[in-house]
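A, B, C and D label the chains in the order they appear, each numbered from 1.
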Amino acid sequence: MLAVAQEEKDMIVVMQHSARQEQIEGVVACIRDMGYRPHVSEGEETTIIGIIGHSAPEQLERLEFLPGVDHMVPIGKPYKLGSRDFKPRDTIVGVDGVSFGARRLAVIAGPCAVESEEQLRETAVAIQASGARALRAGAFKPRTSPYSFQGLGRAALEMMDRLRRDLGLVVITEVLTPDDVDVVASHVDILQVGARNMQNFSLLQEIGRSGHPVLLKRGMSATVEELLMSAEYILANNNNRVILCERGIRTFENSTRFTLDISAIPVLKHLTHLPVIVDPSHATGKWMFVAPVAKAAIAAGADGLMVEVHPRPSEALSDGPQSLRLDRFGTLMDELSILAPAVGRTL
Amino acid sequence: MLAVAQEEKDMIVVMQHSARQEQIEGVVACIRDMGYRPHVSEGEETTIIGIIGHSAPEQLERLEFLPGVDHMVPIGKPYKLGSRDFKPRDTIVGVDGVSFGARRLAVIAGPCAVESEEQLRETAVAIQASGARALRAGAFKPRTSPYSFQGLGRAALEMMDRLRRDLGLVVITEVLTPDDVDVVASHVDILQVGARNMQNFSLLQEIGRSGHPVLLKRGMSATVEELLMSAEYILANNNNRVILCERGIRTFENSTRFTLDISAIPVLKHLTHLPVIVDPSHATGKWMFVAPVAKAAIAAGADGLMVEVHPRPSEALSDGPQSLRLDRFGTLMDELSILAPAVGRTL
Amino acid sequence: MLAVAQEEKDMIVVMQHSARQEQIEGVVACIRDMGYRPHVSEGEETTIIGIIGHSAPEQLERLEFLPGVDHMVPIGKPYKLGSRDFKPRDTIVGVDGVSFGARRLAVIAGPCAVESEEQLRETAVAIQASGARALRAGAFKPRTSPYSFQGLGRAALEMMDRLRRDLGLVVITEVLTPDDVDVVASHVDILQVGARNMQNFSLLQEIGRSGHPVLLKRGMSATVEELLMSAEYILANNNNRVILCERGIRTFENSTRFTLDISAIPVLKHLTHLPVIVDPSHATGKWMFVAPVAKAAIAAGADGLMVEVHPRPSEALSDGPQSLRLDRFGTLMDELSILAPAVGRTL
Amino acid sequence: MLAVAQEEKDMIVVMQHSARQEQIEGVVACIRDMGYRPHVSEGEETTIIGIIGHSAPEQLERLEFLPGVDHMVPIGKPYKLGSRDFKPRDTIVGVDGVSFGARRLAVIAGPCAVESEEQLRETAVAIQASGARALRAGAFKPRTSPYSFQGLGRAALEMMDRLRRDLGLVVITEVLTPDDVDVVASHVDILQVGARNMQNFSLLQEIGRSGHPVLLKRGMSATVEELLMSAEYILANNNNRVILCERGIRTFENSTRFTLDISAIPVLKHLTHLPVIVDPSHATGKWMFVAPVAKAAIAAGADGLMVEVHPRPSEALSDGPQSLRLDRFGTLMDELSILAPAVGRTL
């Protein structure tokens, strides 16, 4: 861990309306005992006590049990290394000539799962011709059902490794478990942490230690703050090559598979210096909505996209309905090349 | 409006890490100009400024625009008359001999909609025999589809009026629009505000003015705090005969129609003195889950229940699948009469 | 109601695995009794029975109670007049020379609430100079708290009426209750139904009858399908001048006030012929996120925007933090005029 | 994998209203080519085609791409081994004399994290005296922040191992990563899969292979169906000693940490034969709401509870605010011993 990375959070203690003077003094004494300086503000009904500067939230939690305390309000952000306060300027994550977070957009495309070397190569050649500079494909697939296709595993990694040499594409794949980090890192350029693993802290730490570039997807029920806390696990292990990815959150709406949180893009760009890309395929779950949502993401300020593409979606072993055909992906790239300059970017 | 009912809320201004001294002084001056007393607490990284006592949140919002301000944190509760701070002891709403909020539980039962006088009377006689003391039935039905059965309207009100005289049951029905408040209030004992109308403020005010007992259902996406704010609209119009009703909130889970927020019962009992009942029928949407959820509500501390019952659910014009048959309702009441004493209540 | 507008929905009855032959025959007989034609498909484990053609979902619900039935699956869409099946071509709602749903985008702007004639006129002149063609402003404000500013009411309507004559702007305001429909309609060009009233069916019917153009905002916990059902209430009353508005849904994420459902734009354009606009101000709740989300909405295919603008947000009586200053609105319009052609639109 | 455990799901193809006869025939032919038997049901507007019996959902997905197809509707449940259809009678998971799923309730209690052998022993002795028969405690803690206390690890396992021998308590702890399954299984009686790992499929498979009893917590945004699919990963690896645990889902409501889905208890008992317990501590996040929610869970039919208890919550290194004091836990157990018989259980 870096020395700088202690969790610091200011805290406000709100006393009950009925709190007596000696209860207020009890809280004040307890805060002093912990080595902090209390700031008491007495109002007509409520008294609040601020604890400002280098406080440890967990230690402070115990104040909540003191007599007369109504509740506590944390002030500030629990992440440090990922915040703009810590590093005001944008981080650009460069991977083999592809930059994430720069003026030029980075588009990653490819099939949900590697099914065969032919399928992967056909897709890679086509997306490269359309202007994508990174290839995504799943080797190990996390599937909701144990009876679904689970991926080709190591054989798929080797296919990706051959393709990146042959075509000069940056290659990205998901890693599911700490034990696999080394072998995956030796075959691909960017490690992906999937939404279901955003809070798999063992995995995050191992990836942090690897120093390998990582694409961290937001969990389907994770807040923006929790996404930044998960990034902090990687950053605190001295790996600052982190790319964030919004991919839809779970809501009551069921006309799409998830609900893409479009506002998360400007919110993240406001809070953090890390690059932010968007996955419109998993967010919507239906190919026909991928292009409009992809364009929206770029207009909202995303630094790039990750799009599912398949030469024959109707034969895909996984997630066919949300995959774009190669020609439709080409059309989307054409549309993005017109849109990008209108929002100050290039493709 | 009552004189006591001014909105008061304390507020904390959190300055940016980079805020300069003159920016802090600018905020302090602005707070003084508004007539409030600022409390400055300077930490190593952050400065916060408290505004304690009789502050008006809307007026304070403008501070957020001052240079150097990061964000603002409101402290305290925006409702007053409904809070336990204002009135620590439980309110018991008594309606014609039935008490809501007392040790004895109050069970309301009946069909979703009045379909005929025979159906209503058959149900009323049966639920009364089983121990229910209030009859619910819909005269005006708010339906998602304009093509669905919309209720018998005024004719249904008259049937309810006759029944309450004949059987001595307390009668409750939903009122949809301010214009109908008077006529509904003259036919039934308790006005119901449905979940879709929880923030129909014109309706709330009119009901407040009527002084009639009211059952206020929580909106399907309303927070507990918003429910208490809606109650405040009625209380502030000098009507304190308000019964709250938890009936399920909207979440991603789709095995039930809504997700009953069981924790809302102890949370509400902690925050407010008003009685709280639960509607397990709309929450689950399926009759087979009504009894377990009804028992859970009582175990969690609810003051009563509102249950949909129909003599022949398979012929109901509305919400049949969530209605209990008369015999099943009788069984539930038997089970509740065993459960109630085990949690310190009677039935 | 229009004759065409009967609710029709096909239905599938799924039998239990253990269902016996006579139970299947019982369901078949019941369907025939209702006047429908059953289609039995027997599998190795499950038998399903389809009911295709002009069936009434409510009547069919009772099948769920027959012995051997596991559950029922509705097929198809419960709305008719609003669907693309009923009318494949886009509806363009024209209001005094401003078209909603046409190639040219329609931008509505203005303050949350009318505070004074000066404030309204200053805003109107400025937004018109920036290219907006419609003015929004609240006369009757639905406020969560009874202690908040509730709007100037009728006086505000008269100011809006004068302004539309003087400046030739289309004017829009919210109507809260059926009784107000006539007076509001006589002062403004478009009636707005707010999110909290999306399922205020009395109000929808009255607006339907008025024949006045209406902007229908999606409820904060309403599905896309429920929004279309609410539109159906207006359409079925013979008023087809309906504009839909996405304004954010309620989710667990709290870095913005609501979560704008960006995918709802292409989903709605796919399902309905009605125009769709977006309100980025209420969705985000913070002015700094309004411009990126507004641009995203246009890139996703929205037909227009409704943006909160205030000459001095720090003095606004309502929703100041989410209002754009006049100069920032001007900048947004400049950006949109560059963006629009890149997605095949004009401003 | 067990031979029985093929994923089988029936499927309905819904054709577009405008589908032509040759398109319907095309779909029929394609289904026959896949080796299935299509059942065509033609209505006045819609034609649907059923595929009944041993169909593989992924293979069928491609039908969605055929011309004329509107959408597809899956029928049935994607889990098999966990369903009541597969095994109608309740599974009782017996662990060293403690039965989960039997008439007698099983209560697990203990601190969030092991902090010292004294703290653990003091808690264990007290909860045993109060009637709990299993001790929970965290050795490896998954923390949102990398700067929070991460647990004592292996040393904690050894303390738990000693305690179970000394006191005869069943001991349970969370395992975070596949590599740790063996060592954890050799020290404790029940492996816990935390909410954040519910879809860590590598971990589920490894635990399945271990044959060790497992407590599987529902993910905070997982549906009931997804929880059952995760259980299926363990069951399909020939380990049927699975206990399910509802612990609250993520919603917009923020007065509690999560929203306990009380209806999930009867829903799960209806769908699966596996035992279901409830964690009221994580669900509410506040000790004062733990007892009412715990009682509600038992009243709703839960087979047991897992409650956080700490001798001095105000000094807890983790989750103090939601921990019960030892005396308050004793009171809860007293209350449960009165409640249990009222719902047909014993404690």
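Please note the rule applied: contacts are C-beta pairs under 8 Å (C-beta built on N, C-alpha and C of every residue); 3 or more make two chains touch, one makes a residue touch a chain.
Nothing here was measured: the structure is a model prediction, and the numbers come from that model.
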Note = Farthest CA centroid from chain A: chain B
Query = If you tally the C-beta contacts, which comes out ahead, C-D or A-D?
reply = A-D
Query = Can you give the whole-Å distance between the Cα centres of chain C and chain D?
reply = 38
Note = Cα centre of chain A to Cα centre of chain D, whole Å, reads 26
Query = Considering chain A alone, which of its residues make contact with at least two other chains?
reply = 221, 250-252, 254
Ask   = Across the complex, what residues on chain D touch chain C?
value = 8, 10, 12, 14, 17, 39, 41-48, 50, 52-54, 73, 75-76, 85, 250-252, 254
Task = Name, in rising order, each residue of chain B that touches chain C in their complex.
result = 1, 5-7, 58, 61-62, 64-66, 78-79, 142-149, 176-179, 196-197, 199-203, 205, 219-221, 226, 229, 232-233, 236-237, 250, 313-318, 320-321
Inquiry  = Considering only the defined contacts, which chain D positions touch chain B in the complex?
reply    = 221, 223-225, 249, 251-256, 259-267, 270-271, 283-284, 288-289, 292-293, 295-301, 335, 338-339, 341-343
